[in-house]
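First chain A sits with chain B, and in the next complex the same chain sits with chain C.
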Partner chain A sequence: MAYLIIKDDIKNLLDELIKVKAVFAPKKDAEDTVLFGKLASGAEWYGDSLLTHTTAKDKVYLQSETFFKIKKDKNGVFLEDPAEPAETVIFGCRPCDARGFDIIGKLFNWSGFVDEYYTKRIQKTTIITISCEKPESTCFCTSFLNGSPVNSTGSDLLLTPLKEGSCLAEAITAKGEAIITGYSRYFKEAGAAEEKAKIEFKTEAEKKITKKLDLPGIKQKLDTSFDSSYWDTAHLPCVKCGACTFVCPTCYCFDITEKAFDNINSERVRSWDTCMSELFTRMAGGVNPRIDTKKRFRQRFMHKFNYHVDNFKEELCTGCGRCIKACPVSIDIRSVIENV
Partner chain B sequence: MDKELQDLIKKLLTEKKVDYAIGYEKAYDEFSTRPAFVTSAEDTARLIFNKYCINNLGLYLTKLKKNKIALICKGCDIPTVRELVKEKQFSRENVIVIGAACDGVLDKRTGKQPEKCLNCGVKQPKGADFTVGTAKDSTTARNFNDVAEFEKKSSKEKMQFWDRQFEKCIRCYACRNVCPVCYCPDCFAQRSMPEYLNKNVDAEENKMFHMIRMQHVFGRCTDCKACDTACPVNIPLTLLTKKLAKDAKELFNYESGADMDARPPLSTYDEDDPESGIM
Partner chain C sequence: MAENIYKPHLAKVVEIKAETGDIKSYKFELQDPEVRKTFTWKAGQFLILDIFGIGETIFTFANPQTRSEFVECTIRKVGRVTEAIHELEIGATVGLRGPYGNWFPFDKWQGKNLLYIAGGVGLAALRSSIEFALDTFKDFKKKTILYGARSPLDICYKDRFSDWEKVPDTEIILTADKGADGWKHKVGFVPAVLKEVHPSPADSVAIICGPPIMIKFVLKELLDLGFTPEQIVTTLEMRMKCGLGKCGRCNVKHLYICKDGPVFTYSQLKDLPDEY
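The block that comes next holds the complex of A and B.
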């Protein structure tokens, strides 16, 4: 069952949600950076940009997640668990970002192992996605299976802006359903005409995405190109920073470290790490299998479009194109894998 | 201008004067360029120069130390080459500097000219081995007005401003990795024994990283703004690098990458050195 919500009512809905949950939505700051920030009121939501500079990934899979704290008092040394995550709403995600949660969710629940930190957070998070009206030159979500500017994978509630100043609201999960039933005064039932308008919206938006990758073909090429001389030159412009991996909705690699405050009090923290960093593969004793910058560069593309496909039958990429935009030297992930 | 550039590089490559020519090529759309590494004369057709060529290619000199390189530089990139030669990271004979006349570049993130272009004294490159093109604009003298304005704020206001900036920082190290003078193979931020900087990403650790980096590049940073334009979350690092340049100038009368014979301020000592601190 689809519903309609008027665009002006979205801000009212946000105001209502803020009263009971932590609401994160795109917010613009003085330097024109648009990031997912915690809203104090619905008016702070900035809905005019296609993509935020970083993803909403860090609201569920924290950049630095404390596992436990180690403390000492007169009774001895004890461990303190972190606070339970709060009920959260991520509003204004894009379909590519939302699909990222689906992809890393599978990883954090891989072959029977459940990562409790990620799972606890995602269970308490409602993801409200807005379909993309104006995809940009860096977008390539349609290259993926079901990838589309209106794709609902990973979302709880999908809003699609229609021409008459209202949005079509479709609940994808029970959490999305709860938003519609809980705030039913803002939603009214949609008819067949609106559902048809969504199909038109989809066709129009998909037309704007001109780049389409032949991913099965690329996978086949990558299978045999580990030792290819292509990588000797392809990596040269790359400066090996981690901008691409940290703005990626699907990159999940991490490192676990201890942060000591003094001799006794410390905490164990999981922080994002990047395969572009030399430290990522450096082992105790100093041996590093990926000391060579070429190998680190190759790893990123091989993992996303080859190894991950072997393990999960899908690419570790949603086609959001953020890495292309964030790259200081404008390396285009699409042309890197196409030219192998 | 592209043709002139391509022909020059074709000639240098054919005559085997250089192994690599590092220039710019079109990236993912007409508003973006990326560094191009050309090794054969047949491959020069992809080289271009336009107002989207924002990267400082001097960065790659320390990565290709063993090669002879032709490097396309805007006027503001040439001090980087001098600084690296001065720091004995690269020998001047191994690099042919091709100066490209530039009427200012555009930041792909904002579509606007960065502050350095509005305030540029080297639109027509100085000190290049070859120069391509002629810049339209006359050049303006460099001023530090924006930094002077920022300095007037109270300590509390300054701290609030930087706290807000460093809260955004995701510690991707793009700023450090695009910095031509940040070439240490073992950066303090990557050291694990002892660990100078925790991997934990929060405003305090991030601030520590940026402050230490700024201390390390004082008197070496040529204020090329590579770090500022590389930042994926738009932290205005230009305010810090310009402050370094201003202090070097005002306290030690020194400009990085300008005079090959002048001693860098932190590698020399004079009884009359000011003691006001650098930050």
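The block that comes next holds the complex of A and C.
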């Protein structure tokens, strides 16, 4: 069942949600950069930009997460678990970002080994996604199976803006359903005309995405191109800053380190890491299987479009295009893999 | 929710033994009696050792499941965490999590000759496998251990060899890159000694671990001797953080050393890129 919500009521809904949950939505910071920030009121939500500078990934998969606190004194070692995560809403992310949660969620549950930090947070998070009316030239979500400006994978509630100043609201999960039933005064049932309007919205939006990659063909090429001389030159412009990995909705690689405060207190911390760093694979004693920048560059694209497909039957990419925008030397992920 | 995969079990250091100038062996006793009962592993698997206040790192179980009263590791001082480990005293509390990875496929090796080839601290990675084979010796034919180190002083597990040799059909061949006064064993690099010993590939498996350069030349010798890639088994190491294929750094192609390895046959490795 689809519903309608008037655009003006969205701010009222946010005001209500803020009372009971931590609500993160696109918001301008002091320098006018649009980032996911915690809302103090619905009016703070800035809905006019297509993509936030960084993703909402860090609201579920924290950039730095304390696994447990350690106290080591003469009585022994004591481990203290962190506080339970709060009920959270991610409002106004795009289908590509929402699909990112679906992709890394599978990794965090891979082979039956459950990462409880990610799992607890995603269970307590409601993701309200807004379909993309005006995709940009860096967008390429339609290259992926099910990828589209109206795709609902990873979302709990999908809002699609329609022409008459209202949004079509579709509950994708029970958590999305709970928003509609819990705040039913803002939602009214949609009719066949609105559902038809959504199909038109999809057609129009998809038309704006002109770049379509042949991902199965690229996978096949990558299968046999590990030793290709292509990589000898492809990596040369890359400055190995790792910005691409930090703005990515699907890059998940992490480090585990110890943060020691003094001789008694420390914390075990997991933090985002980047395969572009030389330290990423350097072993004690100095041996490093990916010491060359060429090898690290190749690893990034192979992981996303070849290795991950072997393990999970889907690419480690949603086509959001943030890495293209963030790259200081204008490396375009689409051309890198197309030109192999 | 199931057990937290990143949280270690507490254990105490109960024995420390200096093996060489920079290698020590440790025995750890798990603190929780329930965990002690259920914590098991198979020869070839590894664990993550947690030095609270310093950090975690990866080691193979040095002892097999047939000698599992304690958890044993043999550790060479090589970096920040291993330096801290070498400072540990008896009674210190550490953390253990695991076991991780696959194990040596003993069920496929029934009735075969086992040829272990190790260099340096690489013998620590094979000890669990060697002692498992010795504890279940009736299942195998001849057990040969060819072990080399830089010098006689760098030979690890010296005091275990006499017990190993007591097991029927077991032979130990020791070599040092450079000899010394009183050294009664061979002098020379492991691959050269392997060539001289000339083991038959018939009904045999070769299990190797050591520095990359040794592995490279040992592989060449084994292939020259007629061993097929399926008959050669090794164990790999790479930098790891999680042990469960999630942190993303120990992959060779789509395989994660921590999860799909660390034990691989040469027939698997020869089709993988040389990125380990």
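Note that the second predicted complex is superposed on the first by the 334 of 340 C-alpha atoms of A that agree within 3 Å, B and C clash if a C-alpha of one lies under 4 Å from a C-alpha of the other, contacts with A are read in each partner's own complex, and residues count from 1 in each chain.
In this text, a contact is a pair of C-beta atoms (placed from the backbone, for glycine too) under 8 Å apart; a residue touches a chain by one contact, two chains touch by 3 or more.
For clarity, every value in this text was computed on a predicted model and none was experimentally measured.
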Looking at the overlay on chain A, is there a clash between chain B and chain C, or do the two fit?
fit
Output check: A:D227 vs chain B and chain C. Expected answer is one of first, second, both, neither. What do you get?
second
Once both structures sit on chain A, report the angle chain B, chain A, chain C from C-alpha centres, rounded to the nearest 10 degrees.
90
Which partner does A:N311 contact after superposing on A: first (chain B), second (chain C), both, neither?
second
Just to be sure I read the superposition right, which of the two partners does A:Y252 touch: chain B = first, chain C = second, or both, or neither?
second
Chain B versus chain C as contact partner of A:F67, first or second or both or neither
second
Of the two partner chains, chain B (first) and chain C (second), which one does A:N75 touch, if any: first, second, both, or neither?
neither
Is A:D273 touching the first partner chain B, the second partner chain C, both, or neither of them?
both
Of the partners chain B and chain C, which touch A:R282 in the superposed model: first, second, both, neither?
both
Closest approach of chain C to chain B (Cα atoms, Å)
6
Chain B and chain C contact sites that coincide on chain A, given as residue numbers:
255, 257, 273, 282
Chain C - residues contacting chain A, complex
1-2, 4-8, 10, 52-57, 78-82, 93, 95, 212, 237-239, 241-242, 244-254, 259, 273, 275-276
Taking the complex as given, what residues does chain A use to touch chain C?
67-68, 70, 72, 76-77, 79, 107-108, 110-111, 113-117, 119-120, 226-227, 252-258, 260, 263, 266, 268, 270, 273, 275, 280-285, 287, 289-290, 295, 299, 302-303, 306-308, 310-311
Where on chain A does chain B make contact in their complex?
29, 31-33, 35, 53-54, 63-64, 137-138, 233, 236-237, 239-243, 245-247, 255, 257, 259, 269, 271-274, 277-279, 282, 324-326, 328-332, 334-335
Provide the residue numbers of chain B that touch chain A in the complex, in ascending order.
27-29, 32-37, 39, 55, 59-60, 108-110, 164, 168, 170-174, 176-178, 190, 192, 195, 198-202, 226, 229-230, 232-236
